[in-house]
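Here come two complexes built around chain A, the first alongside chain B, the second alongside chain C.
Moving on, here comes the complex of A and B:
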């Protein structure tokens, strides 16, 4: 016993030393990771005149919210938030609805067909969007729409076009995740509902959908972030700059504030606010959404 | 993008044999569907299938077909527009931006595969153990994942600007010898890769942590009893049983690097050292010119490269979902 105590002591000390080194490393990395953001915030809070006078690497003489206020007004950010809202809300709702319906239906068809369709949807979601953008651009210009739906009679340069491409592109991922999720539900549920005389639709709405609530919450959070953060589709398929959602609008806003990096930093941080809210408030769902596809259930 | 968009992952069969047990002999299920039910199912599946073909697979095929033409975006395509492999030979032999773009894409890929993803895995392994503040560290590293690449680009421009943090910290000023990190065509790709990794590391860490949680803890205990060090335990025990997640990590990493667009575009429209295949496609065929054939030929090359990870991923889905 004495021997083991003696032997244990240096060992424990070694462990403690290891722990200290580990925390030192992790704290250093944390500082490195947070630094770019802290720097952006610091710049956004300083007037440009202060930066110019003292250089950016200097103790700030004044800190205020003027860059945020001016940036918000000059860039018309409220307007761009609204553009984003017009796209994100319908896109997320539609993609979740469509994907859960398809995933439900696929659990009801023979597994060969099921597998083939799953592969098709999933592979579609994995393609780099740039592979399909050129034909898509012409298709969006070519399909005629009634003017009640699109004022230029096209999908191009219209919110409905942006919503559509988000739904179609994200559908594959959502179907894949939801069908995996539904497969983990006990099969007896479906059968019980059928025996009780519930219609197909009723089984979906009253039995399956409520059970998928955790997956839907996770996917909804994730899809909100994905679509909110989209830069590419709206950049290429929405020509009118003032109609672009906020993330794509950053491209033009960057030019507008070329001469004032500090206001640009403030604008970029304001653009990030909704995703930061997701990070703080819906973190659990976001992480679950990210990992849902990679691990079963 | 979609970020990264983003991105879908393969289902991992449980590392134990559970998956095998669950899939017993297949039963014929739900044979009591009415005719009406069948029609409803057909419509529910049919419309999304149609949309998927019309807006994803159709355009994919169209890209391939366009790549053999010199169509310029207006008028019909006639036999005279068919030019064979001319677009491809032009890319390989005369188009000065093509090879740089391809090399940048490969650099992006290599940087992510050999540096960013391993760092993410390393963080995950460190944070998977019971250490104080593990949650805090996780939150810090994964924070950039929620940001759009456009925002990431602007945040890092402030680091790299000639009067930004890095030059100031190095004591370089505009008047003297500031390094123009984003303006120098031989440096800027590295600068962008660091910024891209800032976000990618957290993404990989989150995925790997989820995988590590599913590893049977008795494996670790057994390894510890056998006197294995932490490093040995990871490489000899944990890493092999994580094979399904490792495939996911590889697929995610490769696809993310092929999709790279936003960051380079927001910084300088993908010019002057930041050329990427994805940006050449849009610049040639939509934004700056309407050389549909040339852009499509680049798209086909990007498609062929991305088929590698996509196939890898699909075979895995088939193996774990199929039977």
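Moving on, here comes the complex of A and C:
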């Protein structure tokens, strides 16, 4: 008996060691990732006076939701959620529509400029936006808009300007992803559509686009998060504080000197909620979209 | 050479995109300012004689619109702004105030772009070099006509703080806050401490506190600027007001032995400071005073807001402060201190300014009254109204004392980062240099001082 146990051990041990190491690694990583979030939540649940008296590294004496309630009112969150939605929803829809059109043309229509165009979009994606902010600031100030569209008669300080700049800057990435995805779709689909007498646009709308749904869902999730989290463009191209997106509401909570860090933590957690909701809602497509094509060949 | 090598690679990494852009915008501004200066001068020439007899607002009620750019985003200050705007509109039936509130940090970071783009008519800003800088670029409108009517409501120190390089007045002072040494009365009484009057008193007290298990001087320099306050006060006591002003504007060199003495004095008391300062914000440092773990804290009056936030009125009532001790130099009698002044200014590039000018100036006039400033101050107890006719009966003891200390000072400075160029005072400039000093206070500072001077010399020209 002892002999058999000893004989069986080395094998089992090796497996166990590997699993233990793996789980130790996974647990460590998740703790490292969740620690700041948990800490923010803990501080958000305790009043500032408690933190001041006992220090941040103490166990809270009182826990309540006051910071969330006060923070929501103080930061005027409902209003700023709406500001952000005004920018994010059109921007995501437009960028997905236009990018899928471009990707379709680049991959399903033969042309000599295809590769060049794809290179341009991909290269443009690598351009850091910070490089062009000075000329962009002046350009936005110069471009006139009819007063029906913009109350100040310029592209600067308008939602439409922010939507446009997001569309432009996200375009490269979306075209890159979508054209790679469309390339995995069999050519025969196009040929079949052609034989059935479908026009090019009809082929796009009725054949290719529905097949791209997982990729579009994955991109939609990513783009929503990207644009939602953006602070940069709104900061640069908008001067009216009350038009700025939700990320600026967080800044509004930071005083010239005094900042209630616990309210700030509570509001930061609330601001993060919509991206999590979108992720959960589109999660299935998101993961499928990321792995699709990986099994090809 | 070696110094350049160590300082150069740091610049891009700590500067980040924001600073680069700001500097680029400043460069672009050189061109814009040239074009803007001419109309501004023309406006100034033509409007001064015509508005003077008409009153330009203030005297009579105005009925126009004024747009204002405000950095008062804190809940209390926002409430104050709304009360003031309502009061202005009530005093001037038919007039309208349209306010754009941007949070303090963003407002400050974007000021260059803001003033060159499409700013509001009036805006909140700081006095001293920061005001003169934009005034000299033609990005602010002089308001000598308003000032002529309201100057009797201000002391001489305030008048100097709003005068531009060209001798014209560009701002209306609205509030200030002094830098002093804060302590808890109960702690001093319990331990039998007395308020230090001289440098030796201070060091003796620190030694005593240390033996009692306290951190003698609370300190938090994570954000870089609090250390500037200590540098300023030591420099003022050792070398006087004029040297401070000249040093900040480049007329004196950082390699001067006078600067060395400041660092040497600082090194003497550095062992009494909180050793964890590098990771502490001012609020966390103030908490050590709240928790009675430290004995003293040198900071601005706004520090008291941390005592207010404990939601225990006894804490706030327990705070007291005294001016920085004397250092036995001829400049002790100046009793100079940092007391940064906030002001309101009129922009020059606002598209609506010409139409709104009377109301814009009436709004400035309105802000010069103590009754107006009190509306703001009621909601922001860390600040003190600047107007002489402010009703002081509602002041707390702390505010009364702060006002008397500032009143006793013969010279008032703004603060290192308000008296000097923003690109010099920032994180890649003085903030970083002071942190280097603090990391090793007993070092020979000759090399560091040369680095600072080299950094100053390498800055692009500030005036065009």
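Criterion: the second predicted complex is superposed on the first by the 246 of 297 C-alpha atoms of A that agree within 3 Å, B and C clash if a C-alpha of one lies under 4 Å from a C-alpha of the other, contacts with A are read in each partner's own complex, and residues count from 1 in each chain.
To be clear about the criterion, a contact is a pair of C-beta atoms (placed from the backbone, for glycine too) under 8 Å apart; a residue touches a chain by one contact, two chains touch by 3 or more.
Everything numeric in this text was worked out from a predicted model, so none of it was measured.
With chain A as the common reference for superposition, the partners chain B and chain C occupy clashing space. By the touch criterion defined above, A:202 lies against neither chain B nor chain C after alignment on the C-alpha atoms of chain A. By the touch criterion stated above, A:286 is placed in contact with chain B alone, chain C being left untouched.
In the superposed model, A:74 makes contact with chain C only, not with chain B.
Once the two complexes are overlaid on the shared chain, A:130 sits against chain B and chain C alike.
In the superposed model, A:139 lies in contact with chain B only, and not with chain C. In the superposition on chain A, contact of A:53 is made with chain C only, not with chain B.
Of the two partner chains placed by the overlay, neither chain B nor chain C lies in contact with A:17.
By the document's definition of touching, of the two partners only chain C reaches A:240; chain B does not. When chain A is checked against chain B and against chain C, the one touching more of its residues turns out to be B. In the overlay built on the shared chain, the residue A:259 is in contact with chain C alone; chain B does not reach it. The clash between chain B and chain C in the overlaid arrangement falls on one stretch of those listed (9-17, 99-107 or 315-323), that is 99-107. Touching of chain A by both chain B and chain C, each in its own complex, is seen for residues 51, 55-56, 128, 130, 133-134, 137-138, 235-236, 248, 251, 254, 261. Chain C makes touch with chain A in their complex at residues 17, 20-21, 24-25, 28, 69, 71, 73-75, 77, 100-106, 110, 113-114, 117-119, 282-284, 287, 290-291, 300, 302, 305-306, 309-312, 351, 382. Residues 47-49, 51-56, 74, 128, 130, 133-134, 137-138, 141, 152, 154, 156-157, 235-236, 239-242, 244, 248, 251-252, 254-261 of chain A are the ones that touch chain C when the two sit in their complex.
Those residues of chain A lying in contact with chain B across their complex are 19, 22-23, 25-26, 29-30, 33-37, 39-40, 43, 51, 55-57, 98, 101-102, 104-106, 108-109, 111, 115, 117-139, 164-165, 167-169, 171-173, 175-177, 180, 187, 190-191, 194, 199-201, 225-226, 228-233, 235-236, 247-248, 250-251, 254, 261, 264-265, 268-269, 271-272, 275-276, 278-279, 283, 286-287, 290-291, 293-296.
Of all residues in chain B, only 1-14, 26, 29-30, 32-33, 37, 40-41, 44-45, 47-49, 51-52, 54-60, 62-63, 66, 73, 123, 126-127, 131-133, 136-137, 139-151, 154-159, 161, 163-165, 168-169, 173, 198, 203, 206-207, 210-211, 214, 245, 248, 251, 255, 258-259, 261-262, 265-266, 277-278, 281-282, 285-287, 292, 295-296, 299-300, 302-303, 306, 309-310, 313-314, 317-318, 321-322 touch chain A in the complex they form.
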